[in-house]
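This is the structure I have questions about; it appears just below.
In this document, chain identifiers A, B and C correspond to the written order of the chains, with residue numbering beginning at 1 in each.
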Amino acid sequence: MELKTFRGGLHPPDNKKWSDKKAIEVCPLAEGDELVIHLSQHIGAPAEACVKKGDLVKKGQVIGTPKGFVSVPIHASTSGEVIAVEPRIASAGTMLPAVVIKADGEDAWDEGLVGGDPDTMTPDEIKDKIKDAGIVGMGGATFPTHVKLSPPEDKKIEYLILNGVECEPYLTADDRLMLEDPESIVEGILILKKVLGVDKAIIGIEANKPDAIETMTNACAGKGVEVGALKVQYPQGAEKQLIFALTGREVPSGGLPMDCGVVVQNVGTAAAVNDAVRKGIPLIERIATVSGAAIAEPKNLKIKIGQPLSKLVEFCGGIKGDLGKVIQGGPMMGMAAVSLDVPATRGTSGVLLFAEDQVLKEPEGPCVRCGNCVRACPAFIMPTEIATMARNSMFDEAEKLNAMDCIECGCCTYICPARIPLIQSLRQAKGAILAKRRKV
Amino acid sequence: MEKTLYLSSSPHVHEGGTTAQAMRAVIIALLPCVGVWFFSFGLQSIIVMLLCILGCVGSEAVCQKMMGKPITIADGSAAMTGILLAFNIPPNSAWWMALLGGIVAVVLGKQVFGGLGYNSFNPALIGRTVLLISFPVQMTTWVMPRTHEITSATPLSEVKMAVGLHGAIPDELKSQLGSVLMGGFGGQLGVISGFALILGGGYLLYRKIITWHIPASFIGSAFVLGTVLWLVDSSKYPSPVFHLFTGGLLLGAFFMATDWVTTPLTPKGMLIFGTGCGVLTILIRIFGGYPEGVAFSILLMNAATPIIDRFTVPKKFGLVPEKG
Amino acid sequence: MISAVISLGGIGLGAAVILGLAAKKFAVEVDPKEEAILEVLPGANCGACGFPGCGGFAKAVVAGEADPSACSPGGSSVTAKIAEIMGVEAASAEPMVAVVNCQGDNQKAQNKYKYLGIQTCASAQMLAGGPKACPGGCLGLGDCMVACPFGAIEITAEGLAVINREKCVGCKKCVSACPRNVITMVPKSATVSVLCNSHDKGPAVKKYCQVGCIGCTLCKKTAEEVYAIDNFLAHVTYDTYDHEKAKAGMEKCPTKCIRDFAEGYPEGSSFQP
């Protein structure tokens, strides 16, 4: 059978073998460890701290309340004392407001957390539970889940698509989750189906994860959930590309998946939804892959939100050799971190330690118009033309060339023989265009 | 003190290719042709080729030095231009012609526009065309392969002249056209070089330096138009096979019309470009003033590249036609 | 032969007549004053006056919409000439020059990361707020140098922008090009400046820069009229500038972040006072 995929894109070496056979381990937390929990770990308005220095908090207790609809509460990842509420360095290198908790080592749960039976709850009750638990998209984009589950009345949702693609090289967190806890995922999918009122649910998994495909197929048997095997191609995990691969539908330019009757959720999100609804557990932990050539022993870890990356690295045997770059997320779209002192957030799907010789240092040359970027672009735009406009601050022209349709997947830059950082220019163009739109 | 880390915009990995690697691949792909060239025209032809390369590389270095830019002759693009130019001038050219062609190709064809990536015309063809217009006699004086006899007749010019004088290809010439394919004509290597060119082109396709679009549409459209004309009047118009294996058609289709810088970006644009080259080549050969039209057709299509690019902007993902 | 000469000559003659008529018919009336002013302007079309090029400025002056002294590249001599053409009294404006308020090159100031990517300050600034550990320091990638129409800015080998006070005409292009607002305008005659742009407290500055202002207030204590401290950063108050007092305060600076440009440009610069 020919496997489905989308048009465009490319196939970078996946480098998943370093960690795909490693079972998920819990990254330990000792008494006295400091957790730095940022109040803005999601897309949307930052939460507002509702604890102050000196307060004692329990694991799972709300420490930041949401402001607005597109916002989620923030919870304490462990029990202990709040030792500061102040700006701390975030992965983007800037100082952002955070609650710092000194762990008391007991890791005691807040007793007020209660679960429910999704079968007897109404969709709105379930949505409230999901919002209260602070669930956001676990693929890395961290968009509040309850917002995605609240399409406007006039949008008919027909498909729920579960993203188990994990197309980023190195990352194996979703893969391991599907192998080790398929029940939670399936239960979560059933809850999401109920909230959205859809019949069809498909889990998209790439063919390079045969074990996960088999496990999920078995777990889904008789539950009304399909598994769609996909040809390996990056960026299949991008929402619009995944929808096209599985359903053949195109999300309209500038629109959202719900505009073509689809809601996409990450498999990790489905598992988190299950925990939140049935047990009342908020989003205080997640699974992250620690890998790369400069880590002693690559692992898949269950980490607490707020643990500094250095703790994760330490648990994986520390740095091996000459460390050059630290990446939060995958190598194609992840963000480089300024240091290992930054804390893990709800979006930390992986921590990659690249050795000095893995860092791309080739200077950029002139564009030779080879067209590789145009052919690789899954959004069918012309990256090199837009980048040229952006470099000359011609943002109106860049907008006309569909700069806003760029999904920042990085394919163009990955394939460019002249080593031009096209994505950097495209991001600048998108930023400038958005700023202009806000002004108007 | 902890080590300072590197920071850059994503992606943090790369496919690994560089512009210089691609240029080297093109040079490697040209090596079989260089071999055939040497075998057919002897040491002299290789000296001419080296002079072309010297002209190109030397003038690139001098230009960049003068403009205070970093010298990038190591990327191989100037050397590639030199080799291509050598295939476009008679292998017995005078030393100064080879050198001048190289200088013109790089200085006028490339550096005045700002160097690699900014030129709108194929530099090697600029060199050839300037030489052809400036020194028409020398540029049409070729030697016979292997025997190295001086001749001014190439199969294309023979046909052109015959049709011009008699309105038809004479029978004795027609019977000789078969031997054209075996390389029995002046300046013409026929099938042997054709095979070497296809080998080189195949290597470039395999290395994904070029895509099939331009060679296929170039050769295809030339073949189709050649066939149509041949069927209309085979006494006046030579066969399509003759068209393919004479002159610079295969060289042009695989190596000159596929130049990255001067050709369209999108597959659709490439097909238009290649088709335009093929059609123009046949039209110039049969109806134009010059016996050979590959160089002119590619240069003309180079000029059309920006407009092709403008009209072949890909349809973006998720473009929904406006309703109503 | 004859016919060729006649026909070509005829075409030339015809064209000349048509051109001549067109020039008469479509001639645009230009105020002679405007042309005279355009004549004395530097012709750099830099836009420092706020009008579209020198032509636009000349037009505005004649129309009374622009101050004759608004051409900063031209300086007082051009102002005087314009005033003469317009027949008004020349108001002399103190010429201003741009100065980079930073001496923290790659030797003297720490970087928090090594930047790879588009080599412009604007691009680097968007990546985690720029590689310099100091939030205000010069990034040294030369956006100001590219913006300068007069070639007055150089980037030293160690990555620090330095502006030549003789070549600078005060057009402020560099001020708007700098993403970190390191460049400010100062009166040309006031040669002493505090070359630091970090509002961080002393210990923080010391951690990342050897030549940063630590807000110790010694300069202010020495020469209160000339120095002011604003949020842990000293600056010269140019309204009350006094060279001797400014020098006295400069001598006291423990981190040597105050410089007299009359004595020399920052280390690594090829410019001479």
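The rule we apply is simple: contacts are C-beta pairs under 8 Å (C-beta built on N, C-alpha and C of every residue); 3 or more make two chains touch, one makes a residue touch a chain.
Just so you know, these numbers come straight off a predicted model, no measurement behind them.
J.: With chains as vertices and touches as edges, which is it: line, ring, star, complete or other?
T.: complete
J.: Could you tell me which pair, B-C or A-B, is linked by more C-beta pairs in contact?
T.: Between B-C and A-B, contacts are more numerous in A-B.
J.: So how far apart, in whole Å, are chain A and chain C when each is placed at the average of its C-alpha atoms?
T.: Distance between chain centres, rounded to whole Å: 45 Å.
J.: Can you give the whole-Å distance between the Cα centres of chain B and chain C?
T.: It comes to 50 Å between the two C-alpha centres.
J.: Could you check chain C for residues that touch two or more other chains and list them?
T.: In chain C, residues 112-113, 116-117, 127-128 touch at least two other chains, as defined above.
J.: Which chain A residues touch at least two other chains?
T.: Only 93, 336, 338-339, 359-361, 421, 424, 427 qualify.
J.: Counting only residues that touch at least two other chains, what does the list for chain B look like?
T.: 5-9
J.: Where on chain A is chain B touching in the complex?
T.: Going through chain A, the ones touching chain B are 8, 10, 12, 93, 169, 240, 244, 250-255, 323-327, 331-340, 352, 354, 358-362, 365-371, 374-375, 377-382, 384-385, 401-402, 405, 408, 410, 413-415, 417-419, 421, 423-424, 427.
J.: Residue numbers of chain C touching chain A in their complex, please.
T.: It is residues 112-113, 116-118, 122-123, 126-129 of chain C that touch chain A.
J.: Can you list the residues on chain B that touch chain A in the complex?
T.: Going by the criterion above, the answer is residues 2-3, 5-15, 17-19, 21-22, 72, 75, 114-118, 211, 260-267, 270, 309, 313-320.
J.: Flag every residue of chain B that touches chain C in the complex, lowest number first.
T.: Those in contact with chain C are residues 4-9.
J.: How about chain C: which of its residues touch chain B in the complex?
T.: Of all residues in chain C, those touching chain B are 111-117, 127-128, 131.
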